[in-house]
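Read through the structures below before going on.
Next, two complexes with subunit A in common: one pairs it with subunit B, the other with subunit C.
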Partner chain A sequence: MAMSDFQSSIDASIARNRGRRPWIERVPPAYWVLAILLLVMPGFASNFVLYQIFGWTFILGIIASSLMFLAGYGGMVSLAQMTFAGVAGYMVAIFGDSAIDTISQGWPWYITIPLALLVAVLFATIVGWLAVRTAGIYTIMITLAVAAAFFYFARQNYEVFNGFTGFQSVSPPQLFGVDWQDAVPFYYLTLFWAVAAYFSVLYLSRAPFGLALQGVRDNPRRMGALGYNVTAHRVAAYSFSAILAGIGGILLAWQSGQISPGTVSIQPSIDILVIAVVGGIRHPIGAFIGAFLYVLLKTFAVDVLISLGLDGDRFNLLIGMGFLLVVFFSPDGLLGLWEKAKDRSRRDPLTGRPRE
Partner chain B sequence: MTMTEDRSARRLQATGTENALELRGISKLFGALRALEGIDLTVRPGERRAVLGSNGAGKTTLFNCITGDFLPTTGTIRFFGEDVTAFPAHERIRRGLRRTYQISLLFTGLSVIDNIYIACRGVSRGRFSFIRPRRDDALMASAETLVRVVHLEDLKDTLVSSLSYGQQRQLEIAMALAGAPRFILFDEPAAGLSPTERSELVEILLGLPSHMGYIIIEHDMDVALRVADFVTMMHNGRIFKEGKPAEIEEDPEVQTLYLGGGDDA
Partner chain C sequence: MRDWARAHPIWTGIAALLVLILLYLILAVWPEWIDSILRSKKIFLSALFNGITLGGLYFLVASGFTLIFGLMRNVNLAHGSLYLMGGYIGYYVSYTTGYWLLAFPIAFVVVGFVGVLLQFFVFRRMEGEDLRQTLVTIGISIVIADLLLWVVGGDFYVITPPDWLSGPLETGIITSQRVRSSGEVTNFYLSYPMVRIVIFCASVVIGVGMWLLLNRTRIGMLIRAGVDDRDMLSATGARIQLVFAGVFAFGAGLAGMAGVVGGTFQSVAPGEDIRFLLASLVVVIVGGMGSIPGAALGALLIGLAEQIGSIYFPTYAVVLTFLIMVGVLAFRPQGLLGRT
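Right, the complex of A and B next:
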């Protein structure tokens, strides 16, 4: 009796593990190549590339992945993600150190960073609570209004936000004797948080919270009839997105060494949407692809335009056209184009049927 | 110890005497259209009720009012003695009410087992959990059980969008059985099913534990009369006859009205 129980439990565990190789073998080779490339990058890339190109890409990717989470899983398109990021950025400047020592409190990092994230989450929860009562275009309008309101508020408030100039000399703590604002440490710092953001969004897709959110996106009425509080799930999605955006915002303040109303103005808020949509909101990698493209364009397009004898101010036109093209040809962004191309290469060009 | 036993015994007794469902004066207006008018309906715990009526009689609207998908224009709804008239849908579901939809409302981008898992999770704790379920998760296990109840175990990892119509109807039922339902509303579960699928459905319904009452909307008299012990007839938003299946079947008024208006089913 006991023996057969034992045997059947072994059989069950063999059945469970059949076809499951150890996780390390299940990682696709492309991941390995990318991981190794990113890890050894500081060996050959210049400080400019590490700090300005990749550091910035990772930061914008983190903020855009917070939107990817909200829009891709939750179906809520928010223009306030840069604002959530900015709130966290402002809070580290206000509670921590900056050149404006009349306002900055100089508290240690282990208080300011959690506090900054907490304030961003609370702010996002309130915004979410207002925004989830609406859908589609109205959500975009409400969150845009929030972004605009915060921008003007920060610009006009001198007591706490130091108005137009904001805060300069915002820098990361000197932890473990490392200057985290140096190119190589900063590269690894942002890489670490980008990877963390990427995998947490990916992981959540199959956790109850993420599954429920996708259910709410596809069929809110059905979710209510299954016992889910649809409103609460939507608000919680905003709160979680602010953790990601907040991390991105703190890193952004460190990367540019400052935070000011310009960081949270309408333009960067819309840029985050452009990044997420161009990259593709069906998968968190889209946020980083979009961010990389955006940073490349923003860094080099002006030079290219001028060398072609065009006005450098046309840069935004270029981004706008690119946005239109991508959205026109693939509603799923560059990711969607990639998937289409992969699908086509798998099909027989004559019959259009999948090759096996 | 004895105190709590005493109390729980009394509560059991109390729920034993409460009606599962008690509707008083329910009406529902869509603009000028009276979809429901002065509906009084009482269903005892464990009772199996069939609601019959021609297209547009208001049967689905009645379900929507009971589950909270819509709020009724007037009237009160009691579920096991508790006034749930103003409760949002999820609060009613958490009290043991379940439903299926006439037109399947499923998550077509997810697999069969994930759909059932979402249903199980909806009526348990941890709806906001950030941790992925393990293979031996208790809710996963109950999802696995339900997938067998509706005979979809071979398709459990299939995307719902690639299921046949009949299989999607089965899945609807599995999702309504998630958690510990006390009362279920089935909205035309047999519509569009093949004869074999129909008899499978009847088997599933008859196999439900006896304390689990339900209301079933069904156009097919044969199915309805086999799975129900009481019948309510609706017409133009009103209830016009209630009785035992045999009485209803023989009623001349029902025969003219229902068989006359129901031949489109």
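Right, the complex of A and C next:
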């Protein structure tokens, strides 16, 4: 009897595996369309679109996905993500090459880039250790204060951070004889890291660490009682988020060719929050959707406003209103709206039951 | 207070010693060696007084913030925008009517009304949703900042106080002495702007008044009960939404009044909203969320740190305030006077 039970369970498992298609067929068609579209984009898009629109979108998306990871899976909303990115950007400029050769060390890229990421991670770990001593709303305030402190510090310090002007001509290394600051190589570079960030967040959310982190988010006391170290998981989440933010920060310094206190001031820090929330913090794709919208608005809103006969300076009003509407009506951002719409279309309008 | 002193004799001793040293530094004629460490007494004293009066201004802004948070757990990150709004209204009123004093009640009422609108249309719809409140108020502050920029423009405005307040006040504190060869001693006294002293006294009066209101009146009893257990209070039949709206109006009005004060002290300009939002955040984090005495202590500490820091190590004065915050967080996360 027991033997046949065992046998039947094996049979069931084999049958299940037979029904399972190879992984390449299991990728949803939307992914294929998007991937092919993104890969062939340089064939028909102009350099401006590649570099300014998509390059920037991917960079902001990477930084916002670091916030999405912290906020969505860890329940910790940090306004210091842009600061972590800025720290990495500054370190690349300080250890590597820039126009300020009295400060820049001019070390090779295989030292500066890991070093920059390491410094960003260390910084984020310290900030995280401070921030996780508090919860919820206090975290936002403390990280906001940290962001402000770093901004003022970088603006005042001329020995290391070169004060108000910052560093100009920060450029990527000439690897494999390619100028990575050219539009097409830069597009592929940012695309690569954006995809890497997206899948690493997605992977980590299903890995034991991510699952434990989500448990800590939902019920820290129970996770503590189960033997998980709640503080360590939270601090580690900050450290991981700094890797993503640091990559984004380095790319951002390369994209704009400079890093200055303006990059890490309070407005950009809030912008990252706006991007992540407008896109939706339940899924990593939200960060990139939000970034794309933000970049489109930032690039074209002035023209649109002027063509509508309004003042082009009212850009912030437009962004603020859009942000306000989204968070007011859908706390889960655009993804939340999308889910709601999908859910509604599945239900019968008369009975409210799911359709067959 | 007395219980605390009995429980912590060493800390009380240290505090008393610090107060004595401070009194000595203020009142005594400095010998050479203190002069050489702290530059001159005049510089030190004006930094000290500037710090205390700036602390008074910070207290006005932060007490509204902490009151609103303490009662309703509402996180109002648009508090800085209310401050800025009050500053512009104060400038407009005092410029058109010529009465500086009139600016205060009008800024209080108008900004308080904006606060009621905020409570009614925004916060009441998302009670208990911290994150959403934060995000929505960030959105509101972006919108208000841009609207103000649109209407008022990016210029600096300074509210001029009336004549009877504008001169300096001779304090009886000796800054330095010169001994002539004939043995005659000339004393130099510190003079300090009258308006700053008056405003500081006013903020002390407001602070004491708030403390009395909270601890000695029926409304204060309602508010304190609401802080402790909101549901139980509404179950006893108190009209809690009315209390909420009132407290929100009061807190917002205080921010508006602080805007007038700030416009007289310094100036009103775009960007001040974020500065004062940050200042009040740091103040309430240092002092303890929801505690009025905590806000007073935090405001004093931060104001002093900012001013004294800007004299003795000008480059990193701003960073010093954040270092204080980090230190407090590391050793006492609930704030100096916060309840656990």
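Basically, the second predicted complex is superposed on the first by the 339 of 356 C-alpha atoms of A that agree within 3 Å, B and C clash if a C-alpha of one lies under 4 Å from a C-alpha of the other, contacts with A are read in each partner's own complex, and residues count from 1 in each chain.
Following the convention adopted for this analysis, a residue touches a chain if its C-beta (ideal position, glycine included) is under 8 Å from a C-beta of that chain, and two chains touch if they have at least 3 such contacts.
Treat the numbers as computed from the prediction; the structure is a model and nothing was measured.
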**Message:** I'd like to know which partner A:N157 touches here: subunit B for first, subunit C for second, both or neither.
**Reply:** second
**Request:** Considering only touches as defined above, state whether A:F323 meets subunit B (first), subunit C (second), both or neither.
**Result:** second
**Prompt:** More residues of subunit A in touch with subunit C or with subunit B?
**Reply:** C
**Request:** Based on the superposed arrangement, let me know which partner A:I142 touches: subunit B (first), subunit C (second), both, or neither?
**Result:** second
**Message:** Just to be sure I read the superposition right, which of the two partners does A:L273 touch: subunit B = first, subunit C = second, or both, or neither?
**Reply:** second
**Message:** Per the contact definition in the header, classify A:V230: touching subunit B only (first), subunit C only (second), both, or neither.
**Reply:** first
**Message:** Under the stated contact criterion, what part of subunit A meets subunit C in this complex?
**Reply:** 77, 130, 133-134, 136-138, 140-142, 144-146, 148-149, 152-153, 156-157, 266, 270, 273-274, 277, 311, 313-314, 316-317, 319-321, 323-324, 327-328, 331
**Request:** Under the touch definition given earlier, write down the residues of subunit B that touch subunit A in their complex.
**Result:** 67-69, 88-90, 93-94, 99, 101, 105-110, 114, 117-119, 121-123, 126-133, 135, 175, 178-179
**Asked** In their complex, what parts of subunit C are in touch with subunit A?
**Response** 75, 129-132, 134-136, 138-140, 142-143, 145-147, 149-150, 274, 278, 281-282, 285, 289, 315-316, 318-319, 322, 325-326, 329-330, 333
**Asked** What residues on subunit A touch subunit B, complex-wise?
**Response** 16, 203-204, 206-209, 211-212, 214-215, 218-219, 221-230, 233, 236
